[in-house]
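Letters A, B, C and D mark the chains in the order given here, with residues in each chain numbered from 1 onward.
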Amino acid sequence: MVDFQGILNSIHDDLKAEEVKGIVASYIPELSKKDVNTLGLFMQHVDGRSFSAGDAFTPFSIQSISKVLALSKAIAYEDNKIWERVDVEPSGNPFNHLSLLELENGIPRNPLINSGALVIADILVSHLENPKEDFLNYVRDITNDQTIKYNFKVADSEESTGFNNFAAAYLLKSFNNLNNKVEDVLDFYFHQCSLEMSCAQLSKAFYLFANGGKCMKGKKHITKKQAKRINAIMLTCGFYDEAGEFAFEVGLPGKSGVGGGIVALLPNNFIISTWAPGLNPRGNSLIGMQALEQFTSQTNLSIF
Amino acid sequence: MVDFQGILNSIHDDLKAEEVKGIVASYIPELSKKDVNTLGLFMQHVDGRSFSAGDAFTPFSIQSISKVLALSKAIAYEDNKIWERVDVEPSGNPFNHLSLLELENGIPRNPLINSGALVIADILVSHLENPKEDFLNYVRDITNDQTIKYNFKVADSEESTGFNNFAAAYLLKSFNNLNNKVEDVLDFYFHQCSLEMSCAQLSKAFYLFANGGKCMKGKKHITKKQAKRINAIMLTCGFYDEAGEFAFEVGLPGKSGVGGGIVALLPNNFIISTWAPGLNPRGNSLIGMQALEQFTSQTNLSIF
Amino acid sequence: MVDFQGILNSIHDDLKAEEVKGIVASYIPELSKKDVNTLGLFMQHVDGRSFSAGDAFTPFSIQSISKVLALSKAIAYEDNKIWERVDVEPSGNPFNHLSLLELENGIPRNPLINSGALVIADILVSHLENPKEDFLNYVRDITNDQTIKYNFKVADSEESTGFNNFAAAYLLKSFNNLNNKVEDVLDFYFHQCSLEMSCAQLSKAFYLFANGGKCMKGKKHITKKQAKRINAIMLTCGFYDEAGEFAFEVGLPGKSGVGGGIVALLPNNFIISTWAPGLNPRGNSLIGMQALEQFTSQTNLSIF
Amino acid sequence: MVDFQGILNSIHDDLKAEEVKGIVASYIPELSKKDVNTLGLFMQHVDGRSFSAGDAFTPFSIQSISKVLALSKAIAYEDNKIWERVDVEPSGNPFNHLSLLELENGIPRNPLINSGALVIADILVSHLENPKEDFLNYVRDITNDQTIKYNFKVADSEESTGFNNFAAAYLLKSFNNLNNKVEDVLDFYFHQCSLEMSCAQLSKAFYLFANGGKCMKGKKHITKKQAKRINAIMLTCGFYDEAGEFAFEVGLPGKSGVGGGIVALLPNNFIISTWAPGLNPRGNSLIGMQALEQFTSQTNLSIF
């Protein structure tokens, strides 16, 4: 039997000693304060066992990882109708994300790039009575943890500096691909991204994607097919311009956030989350990528 | 001696009878109400004589023509410092104006495309104490006409539907190429574009560009070199994606607006304005272009 | 135990009756002659068992599927040095593949788009003494089948009409990313693409990717890690602009060709090939995609 | 009366003393050998007078300046039919000329960028019996000078290194916008660009554009309207990505070449040519631009 705990420990110790740790995101004050030496790991097996190492229980800003949670809620409401407004193909274009949106007439390439996530946010704002409150409750529900919170300071910072997201939202609006007011969609979106969760909480929240749509409490939130769709999207689009590299190095569907978190999973098997705030030049956690690469190499558990 | 009046009359009568008149802009209600059969012509000679035909004295929405007036005021304030924030090259790209802005790191191609005009608006908002009032006074001053007004309905319409301009402004902001608040810049910009002027007023306002920087009252507003710069920009960038065609067909520096107006001029010689609300597929007045083509052919007065 | 034979039979019968079958590629005469009703299926299990239905043993033009075979040979020679000249990210850009190459300074997005495959061809031309002969022998060797042949008519047709490939090759050359003469690289490339193989032969040729680098005869051609890399590339880049859709619908790494063939595989498990000449608008076999989707749904064997 | 000779002398002396002279093109050996300190000026008035300073009579590689001569011959054959295959708008895009060609379905933006000039070359290859010989005779004829020659070494160099032109030609071919064989079109094109002419010869050759289509011998080669069209194209498209800057600084239609030559003209007035091999970062002669700027400032002869 695989010694998961031993493997997590050895990865943790090995990477703590690593000298190059990437650069902590500095575009908003709250993120820049994080210690580059932080490292947390948490693995949740679908059989119920879990294993951790390092700062696995400290909440951090999950940022773009929230896009997958929002997507799951939107899919629960609209299923395949979503794909009339967002595509499911990799974006493959680092330098000019608005260009692509413009060339493709306001249809974002996929729901995990910012413009696509804004369309998803718009869908949720349309469906939820109290969008921010209801979405928080959804995340608490699938994680089975009432302590999860937004960080309002982070949300406010994004709201006053996230000009590129405003530009994307208005461009979507100009293509009639945003039904609600830009301010309302962005307010929801910035709060969604400000969610703070620990590695442990993230692994539990993503349990449903590894478990055919059922969360740890056994409640069915999305169908098996919807879970498969989300996993496929994470694999091909979850790592910005590094999707191909991640697919190879790690070989798991996953999603990273600029706060330094990564969640990855092997369907019907396990979910693993890492947190290390230093980013590589492409915006993914440098040490987190290495941790996951070591994990799949040592356990031989990947999709390839 | 050239019979300007006779030429204007014959052009007017000839084009009134033309069957294909283009399509009136419909994206805001105020513009769509205009009669496609309207045609006004007004020529102002630098020697003081003037000639008119048709609806030459009815004010209409000058829209993008206002960009040249705003540019002249901004150049008066900042001269060549402007070119650190805007380039002077033709944009040559019809389909994706935000793409270009993104690829070129937030430096608009020239001050007559929307994103460039927004930077100019930002400069004026920085310099003018009461931007909207002061700019209106400037236009009244160079035209020597206190009756010129904004159309607040048009400005409001743009403000509530001009999502693409919002997107451009936020993109500029994300590249640090907008110093004031997006809302303030756009509020000014939409008012600037809502200016209503007749062919006669436009020809008088543009007198300073044909006259080395001095308006009809003899007051110097910009230098000779600045006037030359603005004329060069009008020639290479004044007609959206049809600059090359206009340069050939008409052979004069000029600027068109989506309200169906066009102003063109021959330095040290004359200014001519036309108004015909039907647009060609590239957004320029269909009949106006023909009127100017006929005028330069018949008078043999062009730069080529 | 899964009844693979029964499943193949039922898929075959079901899809034979399908009315919409896509459009046979017509840009070269040899391809356009194929019957749109043709359907072949062949599954090779890594345990040695194999199953077939329909035209599983008729050779057809494998076209772009050959890119994976060429890649495996190039990787065997140069391993990770390849990635200095080609990237591994999805291209995500249907309309303008040369644009992307130009914007990214002559580094193709991945080895499965044409420009990337040309760089791979260049590498093989550099390493192989008699490129065309040696590559054919390699394919025969990994397939364990000496009857595999080039179709010289197809290669000639491409050579006299494949102007876009010439453009890509010269663009690569202008960026110093082609070491051999353009004519030599293209001559090799067009022959490589003209290979004719049946579904059965393709499944056997791709056995090594499902088997950690070892072909059916047990000979090691590439390392386990290299096989994993190729599988990851197939998953993220194997289906032109439909990679995301295929990842979801089928959930297997694979590669399609404009001749109507598709190969897909589940590592350590099986390889399945289909042939149906009618293409969907994105250039992938319409019926082949459906066959694979049905196969993974019915067997529940996919990576997600 | 303007002292043209005095002005040319003073410009020559002033700029000879200039320290920053730009960088001589080095991509082919023949060009790189030129002395950066060379400076030639030649002005031809339409009234027959001419003036010169410096190396005005030494032939140099005219390169892209030849595009205007080729265009005039093609227009003489096909008049407005040309514009079905080439547009007349500025390109406005420095970094990715093939991208634009691809996005616009193989229609080059104008006849003075490389891809447009290749279409013009294709037209001439179709019309001329012995393309290279006949075109040379045309140039000799309009210049009234039988000594003008191709430089075969330069043509050969381009032929063996001009991969980007090959890429453009094949891309045009893939869009069916090249009727002759790529090799034939490029062979003609590289010879056309290798023409060697002095400032004096260039000014005489371009006389017809300043003179409504008639060359110095009084022979009509193109119509007045065609001359006007060519002048308009030179003004909006003659200086790569610096057309707007040149229009302002110099205010004349003109064309530059990578060999360091520039020709500019004021219709019905004069033609002026400069030669100074050092280029600015945008590929235009640094000292040549300054010479022309000084000339129009001092004579006050420009179109604005």
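Things to note:
Note that in this section a contact is a pair of C-beta atoms (placed from the backbone, for glycine too) under 8 Å apart; a residue touches a chain by one contact, two chains touch by 3 or more.
The UniProt protein names, listed by chain, are A, B, C, D = Glutaminase.
If you're wondering where the values come from, they're calculated on a predicted model, not measured in any experiment.
Of all the chains, the one whose CA centre sits at the greatest distance from that of chain B is C. Taking the mean of the C-alpha atoms as each chain's centre, chain A and chain C sit 32 Å apart. Chain A and chain B have CA centres that are 47 Å apart. For this pair, chain B with chain C, the centres built from the Cα atoms lie 55 Å apart.
Residues of chain A in contact with at least two other chains: 95, 103. You'll find the chains touch as A-B, A-C, B-D, C-D.
Residues of chain D touching chain B in their complex: 87-93, 95, 100, 103, 109-110, 228-229, 231-233, 235-237, 241-245, 247-248, 251, 253, 267, 302-304. Contact residues of chain D toward chain C in the complex are 95-99, 102-103, 163-164, 166-171, 173-174, 182.
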